[in-house]
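Take a look at the structures below.
You will see subunit A twice below: alongside subunit B first, and alongside subunit C after that.
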Partner chain A sequence: MNGETRARAGSGVPRMGVLKSLLFGLPMMLLTALLITGGQAVPKDPLLLVSVALTWVFFNVSFFRMLTTGRTFALRSTLFIAMAVGFVITFTTALVSARGSLALSGADVIQGKTPFCHLVIPAVILPGIITRTIVFPGSLVGTFASIGSMFVIWIGATLALGKAWCSWICFFGGLDEGFSRIGRKPRIRSISRAWTYLPFAVLVAVVLISAVSLSPFYCEWLCPFKSVTEFPAVTSSLVLVQTVIFVALFLALVVVLPLLMKRRAQCGLFCPFGAFQSFANGITAFDIRIDPGACTECGLCVRTCPTFSLTEESVKAGKTLITCTRCGKCIDVCPAGAASYHVKGTGPGASRTAARVLFLMPAFLFLSAFGGGMISTALWRLLKLATTGSMF
Partner chain B sequence: MQALLLGLASGVTCLAYCAPVLVPLVLGESRGAARSFGLVGQFLLGRLAGYLLFGFAAWATGRLVATADVHGGLAFGVTYVVLAVLLILYGVLRPRRVCAGGGERTRRFLARWPAALPAGLGFLTGVNICPPFLLAFAGAAGSSSVWGSLLFFLLFFVGTSVYVLPVAFAGAFSRFHAASLVGRLAAVCIGLYYLYVGVMLVATEVAL
Partner chain C sequence: MRRLPAVLGYALAALALPIVLATFVGLSSWETALVRATGVRVSPWFTGGEVAATVSHGPYETRIHEPVFQALFGERREGFVQLVVAPADSLPEVVDEAVDYDLDGSVDFRLRLDTATDSAEIDATDPRVIGLQSVTRLDDGVAVRVAVRNARR
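Right, the complex of A and B next:
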């Protein structure tokens, strides 16, 4: 873990007593049980039962510790990284089980078997308005990762959390967050502010080119996560070029740059969905406030914000930039306790603890809803591998 | 009348083809409503020039469509490459913080002829084929006189421009420095895409 995170002095940390934490944790225990099991009965497969139980304990201990310690970032980050790794294991093994390969064939595309993910959402909206057609080779409803279900979840989560999606729900973000947390010191300490506008430029380009080509341009050419999920079967030199681009972007943005900068390079410097989601921050009830009176202007939050969402100017103004993902890092590292979760419309005298718990409850529930099944299934696959020699 | 209705009916598609070039330009360049509409106007004039050129070509030879089947790919590929180079140069030459150095002569030229860039980009999008454009071309080719053909493309241009004009409102965002920078960076991204499209068209044509 980053030394700066541990070094937090924490004069203003909204910690909670054990009994009170248990009281708040109780509904979370029930809800996470429901979400992790998917509302099904207790599994009969002993390995699956162990996986589900371990996942449930992992989530609830994390939530309980969030309340009692007042720390958010490190505990959230561990769950977030586990969700991303769990997603990759769950998704790839499910594809191999169903199709026998991770490679997406032309027949799969024609039959609309391509799973839909949230990263495509900005690219399909404008072509959808122009042509009244979803330009994605997936199924609208009724199948695994259908377009309709993803849109419904996305709208609900966006209204509740805005861009907090990127640090609490996105099942890809944990990969570059994971690499950004390896090592102690950043090799690249600062970059030009101009590069932090690149996600918005990529967003403009992706939306407009998707409208021209009537195809999900980001999926076809720019998604780094194709490298660890599914990818088009390499049947021509064109697909080979696309595959090289996917791998190169993954290595550069998800592995190398996060290792060198100790920041989320893919999320903060490239992801068009993240840029699109930034605009939703204005409609949510929560934000992060910085008390200029308490701030000592040490600049620690600006230097360590994983998504480049703080500048000296924004700190002086007492707020984050619109790209803030509410990951909690600035709150945890601030030695003066000047940063805190905040409910919009409440004054300076409002309870920090109440604001934090009000934010954590929905954020954690969405994290459990997405990550619970992914982590428990991945654990089950790994336990099967360990006990039978096969994941299937 | 047929040309105007065709333009109105297919203008949204035309907007989709023009927006990748025009939106970054308006975001990056415009300062205030007058400047925004000025930019869109210069772009549309360039586009009109491209349309009229095709109107003339459609009349001049009825064989042009058939000829385009043979050599069209090469011509449009080169057009895409030029368009891409212009977009990339536009994106990287001005903001020195992103990419310093180079292009002093181009900068001087653009300072002296500020309308050249939007009009040039408009012309290059105007001489590129999109589906509604093919319909217009077919309609104009059936005209018996050069003036009839030019009028057809002029009315088609008027119909489609109705959808392009609102792009000027994107200039409202350009008062923010960030939006201007985003426009320039997007121009580079879109330029790279058009460069790929152009190179592939040329390569396909050369390989045939």
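Right, the complex of A and C next:
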């Protein structure tokens, strides 16, 4: 354990003193200021200035507390959920402002006005390689959520963080996580392991059908988040059926099951992008290690892992499954202090603090760069609503 | 040699932060470079394909796109051809036009488009023309898609 101070008795989470936390926090304060403002000058609109400042404080206080308390999950989760709510407000108001409606029209499709989203990435790669075309009605560069920009963000995140995307960057995952954190006791305590393979089956189906049909099958038929972002204008009975499916999937996978299980049902049991991103865990420097010598086999981490990424077997083997999203829950709940962030290649005697800080800094920075703008813009819209009666 | 994996691990871990910074700081340059390097385009099933010919009618023009039959491998038996009449503020009440979509010198169908109601009729003179698929009001014009059979299949 290297003599590091622990967050609480029996915990394996290293914490830092205030001065050391400030030392690591200061560069983050500067970088988040740069990234949240997008490198622009101080906003002249006082409401926007307040929103940006509050967002910056929110992020940096959270990071500072991650370092000083040694706790990750709850602080990350608060930022993550705020990003998801901020995304929904920012995205929907931007669409209404730009095109007057959340509904996606035929004209939007022809003119490439559909914002690209990372969930469709696995479906566009195969036809992209074979036909050199992207089967998505967006624009390639230079617009809000263009195909090119989302691919660059995804590549950067994948190289740096692997599947940590799903707990630090995905603006949809925060909705799932938000509902899973309402209430305390799960009504559904365990499920068959077989269900955790479903995302991989959905992934294979989505990739193959999208390739054969040259259309984004997941977006057209399976995306639960159409319910809270944009959706096709209901102009036929076919689109009506699609809309019913979107709403039903959202209610079942993002609201009801997370409420009953206290775990991220959509992310862990359905999301094809999450399944796809699991393979990225192999190329990053970070993972979670469980010290079998310290583990008391209480099973708490297995029962509470939000994305079903631990089993008794994997714990005995000292590691998580490939679906692990580095959310920090197992580390924070382990009463024996057996779980910790880990840099691959390092041995059992390596510093837990170094591994944790090396992971937290890029993960937090990505979250603040990606989510900061969403949260500050959402705050600005809400402040506008409160002061002028209109969000626009 | 036992230290080498640890050194490599820490080196890779330390690279994560610069990667995140580079991702966001150079985002607009990276996206342009990525699209240019891969040479990808948006699928013609959405855009309507490249413009093959433009017919001027004085105040407005008709852009005839290349027929879209794209498949994962090869081509499909059926697809569509897209016409765009633009600009919107110069369109007559009715666009009545003989269209040679395959540019072989003979008329393939006659299009009658009511620009007030965005409704259209197709009078096919070529057996490959299946019928009207959709009429869509764009920001600056009207797009008409006509379903056609692929002559190469």
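Rule of thumb we're sticking to: the second predicted complex is superposed on the first by the 381 of 392 C-alpha atoms of A that agree within 3 Å, B and C clash if a C-alpha of one lies under 4 Å from a C-alpha of the other, contacts with A are read in each partner's own complex, and residues count from 1 in each chain.
The definition used in the following text is that contacts are C-beta pairs under 8 Å (C-beta built on N, C-alpha and C of every residue); 3 or more make two chains touch, one makes a residue touch a chain.
The structure displayed is predicted, hence computed values, not measured ones.
A.B. asks: A:204 in the overlay: touching subunit B, subunit C, both, or neither? Say first, second, both or neither.
C.D. replies: Touch status of A:204: first partner only.
A.B. asks: Is A:194 contacted by the first partner subunit B, the second partner subunit C, both or neither?
C.D. replies: A:194 contacts subunit B only, not subunit C.
A.B. asks: Could you say whether A:130 touches subunit B, subunit C, both of them, or neither, answering first, second, both or neither?
C.D. replies: In the superposition, A:130 touches subunit B and subunit C alike.
A.B. asks: Looking at A:212, would you say it contacts subunit B, subunit C, both, or neither? Reply first, second, both or neither.
C.D. replies: It touches subunit B and subunit C both.
A.B. asks: Does subunit A have more residues touched by subunit B or by subunit C?
C.D. replies: C
A.B. asks: Where on subunit A do subunit B and subunit C both make contact?
C.D. replies: Of subunit A, residues 127, 130, 211-212 contact subunit B in one complex and subunit C in the other.
A.B. asks: Going by the contact rule set out above, which residues of subunit B touch subunit A in the complex?
C.D. replies: 12-13, 16-17, 19-20, 23-24, 27, 95, 97-98, 178, 181-186, 188-190, 193
A.B. asks: Looking at the complex, which residues from subunit A come into contact with subunit C?
C.D. replies: Where subunit A meets subunit C, its residues are 31, 35, 39, 105-107, 109-112, 127-128, 130-142, 146-149, 151-153, 155-157, 159-161, 211-212, 214-215, 284-286, 343-347, 350, 354-355, 358-359, 361-362, 365-366, 369.
A.B. asks: For the complex, which residues does subunit A have touching subunit B?
C.D. replies: 126-127, 130, 192, 194, 197-198, 200-202, 204-205, 208-209, 211-212, 217
A.B. asks: Going by the contact rule at the top, pick out the subunit C residues touching subunit A in the complex.
C.D. replies: Per the stated touch rule, the residues are 5-10, 12-17, 19-25, 27-28, 30-32, 34-35, 38-48, 70-73, 82, 134, 136-139, 143.
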